[in-house]
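Dropping the structures in below, format is structure tokens.
The two complexes that follow have chain A in common; it is paired with chain B in the first and with chain C in the second.
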Partner chain A sequence: MDLEDDIEFSNDEEEITADTVLKTLQSAWQNERLAPEILPHRNDMVECMLGQIQHMERNINKLPKTDLRASIHKMELSRIKFIICNYLKTRLNKIEKYCIPILNEEKQRIDSGTNYLTPSEYKYAQEYLLNLESHLKTVVLNKVPNNMQTFEMSKMAVYPNLQTHVFLQANETVNGVVLEDIFGDQDEEIDLEEGSQHILQYKPIADLVKNGKVQLI
Partner chain B sequence: MFAEKVIELLKEAERNKETIDQFNDEKIRQILEEMHMLFNLNMTDANASSENKSLWTAVQIRHSALERNKRCLLAYLYNRMQKIKTLRWEFGSVLPTDVRELLSDDEYLWFTKYSTNLASYMRSLGQDIGYNGIDLTENLKPPKSLFIEVLCMVDYGKLELEDGDVIMLKKNSRHFLPTSECQTLIRQGILKQIV
Partner chain C sequence: MDPYEIEFIGENRIISIIPNFSYDKIYLICGEFGPFRAGLPLNVPLWLAIMLKQKQKCRIVPPDWMEMDNLENLKEEEKRSRFFTKMPNAHYMVEAKLILGAAGDDIPNSAEIKTIIKDIWDIRMSKLRTSMDALMKSGGSYGRLDHLTMMEINSVKPLLPAAMDDLLRIQMMAKKPAPASLNNSTFSQSGNSQNV
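So, the complex of A and B:
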């Protein structure tokens, strides 16, 4: 179903249809679900879509309750809402699980202005880690012998497994992706053709996922 | 054997992966006691071992046992925290009394903190465009249809729907309701979906 029937959406800088927003959001969701590590946030798309939902809900409410169009649109809306919720939830789960490495890396990224988390996600992560630490401290760490009371950040950290394999499809042709050979030193170089599908280790193509050159499937 | 109790503790927790057990206060106290005992033994021996090197191995073994105890205790707590987190998503910010009793006071405090943090994150969502937050704990499953048939399990009373209609939820009554409005009630066990 297309959304453009109801709304003509225009942005200040560039024209962008609700359909494109939804597609971008869907692929961001798909990537986030399949990638082992946290990806840069797409808050712009989420907020844009939320605005659309608001708009459409108002339109639907104008229709009589028994109108068939109303229920079809409502169904579509609840699907979109599900995508947004699930997208944000997947991110939260990753933030909780890989809290320590994410916060460490994020501190450097904020300095260079390439933050992956939204400000509220960042706040959430900090608060989460703080609570975790204080809970462990009150229950166990403060009661063990003196020399073992420290909360060892490095030992508690859980890291995402970047060596895992993922399915992917190339959105555009990418030449010279280097696949490292861990055991030997025979690195391999491959080219990804537009539209082709591959199974590869996540790490060498992580940057391609982040800049949208490949799509995880 | 050193560090035996802590393994018992972990095994116990491992047995019920899906559900949460009573917080084992007593065992944790015993383990902490063992740790203090090991630590004191080590202190005396370490002081003596400057002359007598033969005590060195004993000190090291005790030290590993201490490390192991600490690590396992933290694992136990961490594991429980993961389970408590799912409780927040399933029950919302108010726990049923029988579940509440399974947590220790500190854990309940942690639950409240986690819950507040999550709530303030959800409130912040979409604030820039005039939303007052999204409840992420709704929409846990992909929507299949707009309306579902539900059976009411308890005498709940009146429920006002989004469009202003008021319905009476009585025990054993059947209703045909919008999916989005009964998710929470289903999770609380007030309604049950009939397939």
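So, the complex of A and C:
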């Protein structure tokens, strides 16, 4: 049987990336779990990994059920699937919670080609908002006096708290992160050395999370 | 994040096992491991080691840092230092718990090792609580926490970030001239404390 070759081949082909893809995915998952706002999607990584999983599963099915390799591969795939599911679920939760601001910001981002949501996530967000609106209308708004019937989007919006404090580890040295002083006159600058860990407000380091210079922990 | 998720992340660490079976190399997505030769040590991810151990297909080689002498030194140093010392392993608690839980019979002195690791954890947690207290009292919104492991950091969530959020909210309400020390404080016991 060519199974052994098959597995070997698939891995040789992806050898440069499979492990890197997994690591990227894991750090994206960790960041998404810990950041207050939605982060740019990593659909490329998810798709790539799903392809890899499918390929692996086809190969595992060719192995006898009792083969030790089969159970090891299955275990690894379950671990990866857990990361992917949890990652996507976390994003959906954020999309539902911060639906209105995310949609507003996303409209501008799509124009400039820097969208954070995947097309299907975007569709999900739009439909979620429509459903929310029609639900509120049928349940309450249509039954109250006329002058109170409008669905005021801006009053419904829930915003993520960007000033919340987060823990992070610097992947590379970043100098001169400005910590805004709330009283506006004594801004402070700090340096994040490679490998050092800090707790600080999310807002000043939001961009560093998005471009991978720091990892939330 | 939940502790089990931190454990999940820690399970990716590589440790050494001695298998009691022989097998060719296995090509996983996270890398290739093997070949397995009965009686010869090789490196595998922790999750795989635990799984093989549970199937009674290997012995786990205790990592170097998990030796009594090393741990004694570590504990002494942790006691002596005002700061957090660098741990030999970024997931020491996870690794110790999993290895000692699944493979206690492979580790000499496992009971003593368990106790001393717990002691180290306790010393560090009490330092962490003292630093948190100092940070909050100084009204700081920034702290440096080098050498703390993920599990330790996670254990003060959501308390510390939430308290700092609330403090910030109160300060924003008050909006009166700040004491000079505001934002200046660092975690007094963490690493080199001159960061600002």
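Just so we're on the same page, the second predicted complex is superposed on the first by the 200 of 217 C-alpha atoms of A that agree within 3 Å, B and C clash if a C-alpha of one lies under 4 Å from a C-alpha of the other, contacts with A are read in each partner's own complex, and residues count from 1 in each chain.
Heads up, the rule we're going with is that contacts are C-beta pairs under 8 Å (C-beta built on N, C-alpha and C of every residue); 3 or more make two chains touch, one makes a residue touch a chain.
Bear in mind the structure is a predicted one, so any value in this text is a computation, not a measurement.
Q: In the superposed arrangement, which partner chain does A:E96 touch: chain B (first), chain C (second), both, or neither?
A: First partner only.
Q: Quick one: classify A:E127 as touching chain B (first), chain C (second), both or neither.
A: first
Q: Which partner chains sit in contact with A:F82 here, chain B, chain C, both or neither? Use first/second/both/neither.
A: A:F82 sits against chain B and chain C alike.
Q: Just chain B (first), just chain C (second), both, or neither: which does A:I199 touch?
A: The answer is second: A:I199 touches chain C but not chain B.
Q: Let me test your reading of the model: by the given contact rule, A:E105 touches which partner, first (chain B), second (chain C), both or neither?
A: Neither chain B nor chain C is touched by A:E105.
Q: Considering only touches as defined above, state whether A:V46 meets chain B (first), chain C (second), both or neither.
A: After superposing on A, A:V46 lies in contact with chain B but is clear of chain C.
Q: Both chain B and chain C contact which residues of chain A?
A: 71, 75, 79, 82, 86
Q: Taking the complex as given, what residues does chain A use to touch chain C?
A: Those residues of chain A that touch chain C are 4, 7-8, 11, 18-19, 22, 26, 30, 33-34, 49, 52, 56, 68-69, 71-73, 75-77, 79-80, 82, 86, 161, 163-167, 179, 181-183, 186, 188, 190-191, 196-201, 217.
Q: In their complex, what parts of chain A are in touch with chain B?
A: Within the complex, chain A touches chain B at residues 46-47, 50-51, 54, 65, 71, 74-75, 78-79, 81-82, 84-86, 88-89, 92, 96, 120-121, 123-124, 127-128, 131-132, 135-136, 138-140, 143-148, 155-156.
Q: Can you name the residues of chain B that touch chain A in the complex?
A: Residues 28, 32, 35-36, 39, 66-67, 69-71, 73-74, 77-78, 81, 85, 104, 106-107, 109-110, 113-114, 117-118, 120-121, 124-126, 128-131, 134, 136, 138-140, 142-143, 145-146, 163, 179-180 of chain B touch chain A in their complex.
Q: What does chain C use to touch chain A in their complex?
A: Per the stated touch rule, the residues are 1, 5, 8-9, 11-12, 21, 23-24, 26-32, 47-48, 51, 55, 57, 141-148, 150, 153, 157, 160-161, 164-165, 168, 171-172, 175, 177-178, 182-184, 187, 191, 195-196.
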